[in-house]
Amino acid sequence: MSHLTYQTAGESHGPALVALVSGMPAGVDVDVDFINGELSRRQGGYGRGARQRIETDRVEVLSGVRRGRSIGSPILLKVANKDSRLDDLAKTPPVHTPRPGHADMAGSVKYLTTDCRETLERASARETAARVAAGALARCMLRAVGIETFGFVRAILDATWAGEVAEGSWRSLVAERDASEVYCPDGASGAATERMCAIIRQAKIDKDTVGGLVEAHVFGCPPGLGSTMNWFDRLDARLAGAVMGIQAFKAVEIGLGKECAFRPGSKVHDPIAFDPSRSGTASLGFVRSSNNAGGTEGGMTNGAPVVVRGTMKPIATLLQGMPSVDLNTKQAATSAYERSDICAVSAASVVMENVVAFEIARAVREKFGGDSMVEVEAQYRRYLELARGLPLDRG
Amino acid sequence: MSHLTYQTAGESHGPALVALVSGMPAGVDVDVDFINGELSRRQGGYGRGARQRIETDRVEVLSGVRRGRSIGSPILLKVANKDSRLDDLAKTPPVHTPRPGHADMAGSVKYLTTDCRETLERASARETAARVAAGALARCMLRAVGIETFGFVRAILDATWAGEVAEGSWRSLVAERDASEVYCPDGASGAATERMCAIIRQAKIDKDTVGGLVEAHVFGCPPGLGSTMNWFDRLDARLAGAVMGIQAFKAVEIGLGKECAFRPGSKVHDPIAFDPSRSGTASLGFVRSSNNAGGTEGGMTNGAPVVVRGTMKPIATLLQGMPSVDLNTKQAATSAYERSDICAVSAASVVMENVVAFEIARAVREKFGGDSMVEVEAQYRRYLELARGLPLDRG
Amino acid sequence: MSHLTYQTAGESHGPALVALVSGMPAGVDVDVDFINGELSRRQGGYGRGARQRIETDRVEVLSGVRRGRSIGSPILLKVANKDSRLDDLAKTPPVHTPRPGHADMAGSVKYLTTDCRETLERASARETAARVAAGALARCMLRAVGIETFGFVRAILDATWAGEVAEGSWRSLVAERDASEVYCPDGASGAATERMCAIIRQAKIDKDTVGGLVEAHVFGCPPGLGSTMNWFDRLDARLAGAVMGIQAFKAVEIGLGKECAFRPGSKVHDPIAFDPSRSGTASLGFVRSSNNAGGTEGGMTNGAPVVVRGTMKPIATLLQGMPSVDLNTKQAATSAYERSDICAVSAASVVMENVVAFEIARAVREKFGGDSMVEVEAQYRRYLELARGLPLDRG
Amino acid sequence: MSHLTYQTAGESHGPALVALVSGMPAGVDVDVDFINGELSRRQGGYGRGARQRIETDRVEVLSGVRRGRSIGSPILLKVANKDSRLDDLAKTPPVHTPRPGHADMAGSVKYLTTDCRETLERASARETAARVAAGALARCMLRAVGIETFGFVRAILDATWAGEVAEGSWRSLVAERDASEVYCPDGASGAATERMCAIIRQAKIDKDTVGGLVEAHVFGCPPGLGSTMNWFDRLDARLAGAVMGIQAFKAVEIGLGKECAFRPGSKVHDPIAFDPSRSGTASLGFVRSSNNAGGTEGGMTNGAPVVVRGTMKPIATLLQGMPSVDLNTKQAATSAYERSDICAVSAASVVMENVVAFEIARAVREKFGGDSMVEVEAQYRRYLELARGLPLDRG
């Protein structure tokens, strides 16, 4: 294999967003409908702006797939922009007053320009469409080794859903999440969803914006994905990098996360037990009465669900504007308003879920090698068999 | 230049820990005393175990430096282990009962062994000595462009220091931190330090362990370090990956961090102003009345101090043991006790500060290129001049 | 900056070939006509097959460029395939008999298939259209620092052009090359071109194919591009990797190349002299009476033109067929004929020139850093000034 | 796994040369005697200078190995320098007159110094001791999957050994090579060795130096190592980069190499046949009547031996000196003489063999994944079984 990687390109109002995924094995059933479904989910959620009504994101596969299956070559996923006007100065005029919280000021200085447009077009979160496409593609591969993900909104401002997401019950939450206007799986009551929507409505009235907490859970990982041997190969390090690399994210937690600081070790670490009835699963029968670790120990999966939580700050583009400076004159000015969302936390939950999935897929590729799914699946099964047979005769 | 990178090697009870730093420019004054000082600080802090009394970490420079100055080639930093006994089965016997919270179980499965020793020797946080050495070396380079860092302990369990760390006042805090048994710059009162020490004492009595919060602040970064163009080049993504990659870290925050979820945008984003009297500094005169962003916007520095906060979970090795399983028999057993610390949050503050510094140095190298400090400094100055002259005639 | 890299995607009969170029500074004038000109040149040359009459390669820029100038973000270059039919089994049927010399056999085993089509579509040299586009884009950047390239055909089979290509005279050769049906700059006489064409004509009659030697010369590099510090950062190593990575290349030489084995040191190494009248050029006045080193010493440019020579083997698809095996039956069979060229050495000269240019551009980015051409050019000039001022006061 | 990589550090007269190898699976029997044997061979060969009498290179393993076996963590190999004096200005004085053909001039300009010492210490081929150690370590891993290498001297100046090296007979050549003063396996006659030695003797008299051709053959590779999917993942590209990255190499060829330019396709490509009696070997029974491709097609191994040829130029340090320039005064001067060899082609054959082996090992790691040799070997065998069973039911 070549290593599983992805890179994106594209501007918010350029012709297209693209993701180039390299290192996918041959023989993956590329489920374009599924990818498009995730793109649609990314466009949804209560509180989104006008842009989402203009675009209907659909992926076009320009390479790497033949008759619905990957052939081992790089896969180019393209999402065309309907609202393409980057070269038209009248329609995408220069912006000289940077928005606090956005890339505008730092980017303009970095590129030695006073037109924030030059940076903001790439810095825009519209780029996450390409990341979602890449992650959703990775999930087509993960299916074959029984790994699935579930992402949702945990909190918007002070409205928090306190429900649990467990290995045995998460599937029933998918429909609940999908029924929620804000992607919060709060089910029949819908109480959390209702509070979140109310917060967003109020923010709109206030010409303000709101952020929140999103979570992704990954089920079916065997112990041993990731590595403890190099800091940059640790799965937790990669997850943190990938999640913090999403536009507007300011915190990443794994498992109990920040709360780990506030409990003694005896209340944090998850006791290990062995349940022979579950030794046939990917967990190999190693079970935990809690999952405070969020499924990673020493930078590797431990067989429990991987749990990642991200904090999205409020959108930086406020209808009320923010105090800023004109970069040409250095005089005080109110920041420009680019068409934007009031709250994009729902979309962020989709982005994070797919970004997390990609990192898991990368770790799967590294663990099992192989160039085709036939080989990957054989090696996955062989690893579990060997692990179940421990101690090895020669081990 | 080649890219600035580092890699570590070495086991807890092997002959040595090493860091291989590649891409350092020629002409850096390598301050070995400073590096050793950071190594000593890493060994300190109230609550550490017996190992720190055995070792006196000192760095040996095996390559890349001539007569005290770097020559542009890879720099190998070696920290010898006095307690070297990896090959001696009597002194480092097999461990068959994994400690919850440590790499033991996941690593043993991954490597198809039932001897947790094979993984734990590398997974041990003793490896952070090498990371501290690499980061401290990077700081020797950063000095030349006026960038400095300050790391400290913010909280241990529920004892929190609520003080502020500001650009104008942080220098006075260094001595206060250094006077604190737990590296908390709480100054004359010492109230926070006292509570933290009490918590550690109690944890020892309880045969338990405690974690906490650590912070690193970076001063003197000009706007434009890092990048918004690729997710993996974003400075915040790299910082998060580097910090989460430290042993036992479970959360990373930048600036206001998780709190961003709980405030509206108008209370999060930092208004931009221009103060001509400060245009001669690295900030170019762009000043903020708050620094909730923690110095990064759009994945780039914005001229304000970079603020990173990490959560360290409690040490996974508890004197009281934890419920676990014998990997050979699959029977319940209490986890083994390897000599360990009650609390290593102070050490973690040193590790994080230096790890953060390395990522900043990496971004500096990428921004300014060059092969020698003469060239790096010239290019740094030229960039600031050009930025001050905006708008450029051709810009 | 992010590092300057490129990656390609696309199959021979898929929808498109693409190149994703990351790390280009902002402010490069992207000369689409020039890129298209190189794509046209790649399609030309005596001895090409029917495919080149079907396609008229034109680049479409999907990202990273606004109003004709790069903005620092990843640049996606797309070349659409007119002959797109990868999913149509009737038009791109399975191939079960691998062609000796092609990727067919090794690729089919690797991907555990007996349909060579799955590999050959990506392995096809049509992919070089994307590489040419990436390299030609890089040359738009190189122009700004005075670096230019010249690629041509040196030999086809036993017809060799013995002319010299020197810094002072190469410009006059461009028109001669462009006037030659095989891209050999043999000028008025056209004797070499005539012999090469005759060889190709005869090969066609013989249902055979022919290869040859191609050269790329790079002018205007200052001393010090590349690095001697890591083997993988050496410019000669990168050039060799990039050139050997072109389809059908089996040898790479720098400067005198293989001939270095057959001369004593005193007849190989290029005496160094200093000519003050040339100190204003990129060579800084360091002149050589010969250029056997081909412009690199110790993995770095030395101020003399960089000279790279590649050997292209004959095309692996012979009209006469070759002895092979049916992968399904393991019985002897004659290899399949896919529409192909008799000789593609002319095209290969275009590919190699652009591939070499990209590696030079990569080294330029590493040496000078910077995010915009304003900054890159300032740092380039500053480096030359500092170098001219050696010894530095502090050096 | 983490990816298999290596990096070296160390100066010619610094304390040590080191190689840091990352990504080696656990369970490799690390044969230190074998590694030391290769280090000794690197020091030998007729025509070497005084340095080789000072040093007795022995590897010290500082990490990654426990009781003779790798444990999956980074392995640091250290070769101490007896002649360590880098910091002593009297013993390693500044050098102001660069040697043509060496890194001296380019490196001094790059690093803005007039003391060539600063660059030449790292640029020196003494660094190849670390590369040999890394490659020899990789061969300890390759043994377990039946892959072996054989490197030797093909020519020194115009003395060429014309013998063949075939899969069935190469083992008998090992002793012949080892009996030759110049590592040329010319056996009983010793005619080529004798001529080579005579050439070296004459060069010494002439105060000159000589280069030559070296070859490495790799046996036992199954089809499908490497990749055709990305140019930078192609095995031939990586081999070329690694070999050209060796000090003083100016050409790399695979298989027939440059000669491919001078033969028609029908005389170049290797007919494919299937021999059921050999289907149990790594070749899977795919046999060739010739091996002009040198074992790679489309950037992947094809089951035939991999054959790489490198050209080493004559040593750049001539006892007679070469015309050069004093970098401080810019006046003409004769280049300085650093203690050096007359001919190091024998050593280069050892370096290239081990460097080639490392790239093969890297491709093995990528193809089979896995974290321990138990897993790697299981996956290797499973791949061959699957390949032998082609066409797969689902394929």
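Letters are used for the chains, namely A, B, C and D, taken in the order the chains are written, and counting of residues starts over at 1 for each.
Everything below uses one rule, namely that a residue touches a chain if its C-beta (ideal position, glycine included) is under 8 Å from a C-beta of that chain, and two chains touch if they have at least 3 such contacts.
On a predicted model such as this, the values are computed, not experimentally measured, just so you know.
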item	value
Chain whose average C-alpha position is farthest from chain A's own	D
Computed distance of Cα centres, chain D from chain A, in Å	43
Distance between chain centroids, defined by C-alpha means - chain A, chain C (Å)	38
Between chain C and chain D, centroid-to-centroid distance (C-alpha), Å	25
Contacts with two or more other chains, residues of chain A listed in rising order	7-8, 22, 72-74, 110-113, 119, 122, 224, 227, 229-230, 367, 371, 374-375, 386, 392, 395
Chain contact graph, described as a line, ring, star, complete graph or other shape	complete
Of chain D, residues touching chain A in the complex	1-3, 22, 72-74, 224, 227, 229-230, 233, 365-371, 374-375, 378-379, 382-383, 386, 392, 394-395
Chain B contact footprint on chain D (complex, rising order)	7-11, 14-18, 20, 22, 26-27, 60, 62-64, 66-67, 71-76, 78, 86-87, 89, 110-113, 118-119, 121-122, 371-372, 374-375
Residues on chain C engaged by chain D in the complex (per definition of touch)	7-8, 98-114, 119, 122-123, 131, 155-158, 203, 206, 208-213, 222-224, 227-232, 234, 236-247, 249-258, 260-266, 268-274, 276, 284-286, 288, 293-294, 296-303, 311-316, 318, 320, 322-325, 327-328, 330-332, 335, 367, 386-387, 390-392, 395
